[in-house]
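Here the chain labels run A, B, C and D in written order, and each chain numbers its own residues starting at 1.
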Amino acid sequence: MVNTHVQIGELTLKNPVIAASGTFGFGREMQQWNNLSQIGGISSKGLTLNPRLGNDPTRVAETASGMLNSVGLQNPGLQAFIEHELPFMLGLGTTVIANIAGHSLEENVQMAMQLDQTAVHAIELNLSCPNVNKGCMAFGSSAHLIQEVVRAVRQSTTKPLWVKLTPNVTAISEMALAAESAGADAVCLINTLLGMAIDRRSRRPVLRNNTGGLSGPAVKPVALRMVWDVAKSVSIPVIGMGGIMTGEDALEFMIAGATAVQVGTANLVKPTACQDIINEMIMIATAEKITSFSQYTGTLKTW
Amino acid sequence: MVNTHVQIGELTLKNPVIAASGTFGFGREMQQWNNLSQIGGISSKGLTLNPRLGNDPTRVAETASGMLNSVGLQNPGLQAFIEHELPFMLGLGTTVIANIAGHSLEENVQMAMQLDQTAVHAIELNLSCPNVNKGCMAFGSSAHLIQEVVRAVRQSTTKPLWVKLTPNVTAISEMALAAESAGADAVCLINTLLGMAIDRRSRRPVLRNNTGGLSGPAVKPVALRMVWDVAKSVSIPVIGMGGIMTGEDALEFMIAGATAVQVGTANLVKPTACQDIINEMIMIATAEKITSFSQYTGTLKTW
Amino acid sequence: MTQIEFNCPVVNQHRLNDQFVILTLKSAAICDTAQPGQFVNLSCQEFLRRPFGIMAIDRATNEFQVGIQIKGKGTKQLAGLKIGDIVSILGPLGHGFDMTGARRIITVGGGTGVFPLYFVHQTAKELGIERIAICGYRSVEDAILRDEFKAIANRTVFASDTGGLDVIGHAGHALQIALEQLASNTIGSQPTLDQSTFILTCGPKIMMQKVAEMALANGLSCQVSLEEHMGCGIGICLVCVCKIKNHETAEINHQRCCVEGPVFAAEDVVW
Amino acid sequence: MTQIEFNCPVVNQHRLNDQFVILTLKSAAICDTAQPGQFVNLSCQEFLRRPFGIMAIDRATNEFQVGIQIKGKGTKQLAGLKIGDIVSILGPLGHGFDMTGARRIITVGGGTGVFPLYFVHQTAKELGIERIAICGYRSVEDAILRDEFKAIANRTVFASDTGGLDVIGHAGHALQIALEQLASNTIGSQPTLDQSTFILTCGPKIMMQKVAEMALANGLSCQVSLEEHMGCGIGICLVCVCKIKNHETAEINHQRCCVEGPVFAAEDVVW
């Protein structure tokens, strides 16, 4: 029997596979395909204080081994989340993470304060959404701004605070260090790479928002490198993601230094992805006579 | 009849399709598959002043819709290039670009001075190789250093000077502006994205160099976005690349703002890629009743 | 927890012409619950799945059909499937047409929109609802499924932009004529053109918008089947949204084409 | 400008066991020029091509064979090809074995290394060179191509790590015994063990290194076929390099496995 539990700060996850924000709704639709009590956690769709319609469609473009999305944080607003979605999610028997993406420091602080009064298990501060004009990725591209906003949010809640980083930077480990020094309990990476798709015939961007965020297997090599890089730099846990489709992929991220992983785009093409991945990880660990998933973390032997 | 010529500063290319550095050798091997006089240009393998062995193998890892390489600028050194390769290349009847990747400002200056005495058509200053410890990408990640090295090289040669940028930065248009302000005649982008592949069984990086540069269709959305971004910012020509496999892809880059394109990884899996791409572009342009390839450049209608 | 990913064998592949193919697939689970207007999400070799309306089901054999127009890489691959190949399918998905209270349906289809409307006729026939099928095509060459609609509908009108069929012009034009005839009681078995006549439409957006306006102008209930680029097809990624108006609050919302749709009440759609 | 990308039909697919498959492909151009030790680069559904040594050619039918061990995704796809499928192939590529001046060859193969060595025997037979085949396997179950080597070589020695064949141990061990017998003139038709006996080896690196040391210790010429991960297979990307010593300058260089190799003189290889 493999011990599947992993520890993110004070929080124990029953296994290291978390459904990534924006690719699992609030879990409702996924009950049909998964026994949600068996996955490591669910990160909610990115939340803002007020409801958001998000960007106009077309919001998706298929690319080689991946996709671009430009949803733009469509969500019902924090209050509706707390009233209508969170109670449902907390009843699922898995760890529930609220992904918040305020357009300003103040909005993030206010959301953190409100979430502090709920039973949510952790807050994932999203400083990396590429699909909105204000806040988010703009924060996430500057170590100084990251420090500022993480410190402020840290002071407004005692919940475990995870900070989600953008890969669209020169040195992601500096961003991770900034989050750590400001009190983050974990860093999550990567969010999507800023990209574009063009329809040659119409000479138009496929996405109505012109640009979008690239995810899926195409980005996996970049994500793995960044997770490895960040894990070497910080001492808080790293939650790795980007193109994970299989249990093998997930273990590669753990070997690179991740304590847990998130599975995003895979859910879209294979709704049972999270469960399948956990099962495959258990099979591999069993075959490798590993007694605890946590033994994989950071075991990469570099040349 | 489509006018296939495009203009990069003072240089006229017979068509916009250039073989990218490091993916075409010095052209010798490619004669078997292509009539090299019919392609727009050839950028040489990255050159250093002294011969370089490059990194130890394994130097390649396949990834989803792409590959990582960690060649590390294996090359015979500038002198051998000038003596043994350049005369051959100049005889091919196509535009010849020397890609130089010195580890210091001085080395780049010295190479530019030596090339200035040759008949090479243009110099591509590679500030973006991710596979060497010194110089290159380290320069390319700072607008200030770019400006410094480009200015110095600019002063040491009257050859057309192209600057090749790395995508591993927060704001590539700032890097392009720095190159432009220091006297570059064109900017070329993107070089490879820094990535990693891990062999789960051995818990080793696949590449002996641990990390490598990601290229191929996987990176195309990122490359297109950057080309669009840079083309909006600078007024010198932009030479776009990253994952171009077909004539359609090449035209998308031109629509996004590129005056010419480079084809890299495609040559590896399809040695006739450059010629095939040119032919497809001509077919499309003819069908669209376009009289000159240059009419595509920068025609993207954003939303 | 109901598992709704199926590995379905292809039991037939029928090429109508160089553009259109009808695939017949086997799945008891899909045939058991599918409603007209619902769709299935098929895997191909590309990264994302491809959505297709269900065209017909046969509960006796547990076979169902989708009609595919070859557009890009994915549809080309799917059209090239051979008997015995296995396809991963999610479905039936989405919210289909509602025929509760209908005594007569008029379907207005354009292009590939005629495929899912055939399933509407299958079901309406079972329910004993009068059926008029209006199908619009670009040309006679594109005019697919005519025999099938003739066999299943009480009355058919085929329109072609370039002539050669019943009506020259688009399907909306054909609908106009049909509505006039119905109003003057020259066609159809039901006496009047009232609220129990449902207009159900699927096809190019511009056609559906015209049809919806015409229906609403005539005081008829109208449902439209919208198309949006999809990520998941199951409601989790929010990429497929349509602008839908809430008539009580006058608010415009983004609703998911794959869950709340693809069929929406025409009066709620913000075109 | 010679076009050397070919779309070759699969004319046969022969599964030896759950691990090994022999594909027979048709291409006059490849059969015309292929030399033993050269390889072909096959397209699969993955991004890069996959290199395989040429195992045999039949100039009468213009068919050639490659032996494939299923390792990962690409080899699985290739092993699953069916008769009539078309494969894009680049080849023949690289620098093969040189048998100029040989009166006797001893091939030492391990694992998939036995495949390209079969082609060596085909050619050596045509050239009238005496042929000894030493093949090493992990187990009897893995012991492929034994009948083929028995039929073509003058003498065969099969070694298995786990016993059950001629020799227990690896192919290097079997070579040692064979060399001793040859030296004492108890096997082979040629009188002496001199420079005209060539050792040609292909297989795991560690085995080839042992074989090379043994050959050089016995004053015999030895050629080894190296394997490196490849990008292009045609010399343009420089990812496939091997460390090769220039004996005049004592310099160590990176040479391309796909162009200067895969076969190198054993004494030049930096192991």
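Quick note on the criterion: contacts are C-beta pairs under 8 Å (C-beta built on N, C-alpha and C of every residue); 3 or more make two chains touch, one makes a residue touch a chain.
Bear in mind that the values here come from a model prediction, so they are computed numbers and not experimental data.
In whole angstrom, the spacing between the mean C-alpha positions of chain C and chain D is 59.
Look at where the CA atoms of chain B average out and do the same for chain D: the two points lie 37 Å apart.
Distance between chain B and chain C, defined via averaged C-alpha coordinates, is recorded as 48 Å. Averaged C-alpha coordinates give centres for chain A and chain B that are 34 Å from one another. In chain C, no residue reaches two or more other chains under the touch definition. Among all residues of chain A, those that touch two or more other chains are 61, 63-66, 216-217.
Chain-to-chain contact here is organised linearly: an open path runs through the chains from one end to the other. The complete set of chain-chain contacts reads A-B, A-C, B-D.
Chain contact summary for the complex, chain D toward chain B: residues 1-5, 43, 46-49, 90, 228-232, 234-242, 252-254, 259. Partner chain A is touched in their complex by these residues of chain B: 61, 63-66, 68, 141, 168-171, 193-198, 200, 202-205, 208-212, 214, 216-222, 224-225, 228, 243, 248, 251-252, 255-256, 284, 299-303. Residue ranges of chain A in contact with chain C, taken from their complex: 22-25, 29-35, 45, 53-54, 56-67, 69, 71, 74, 216-217, 267-272.
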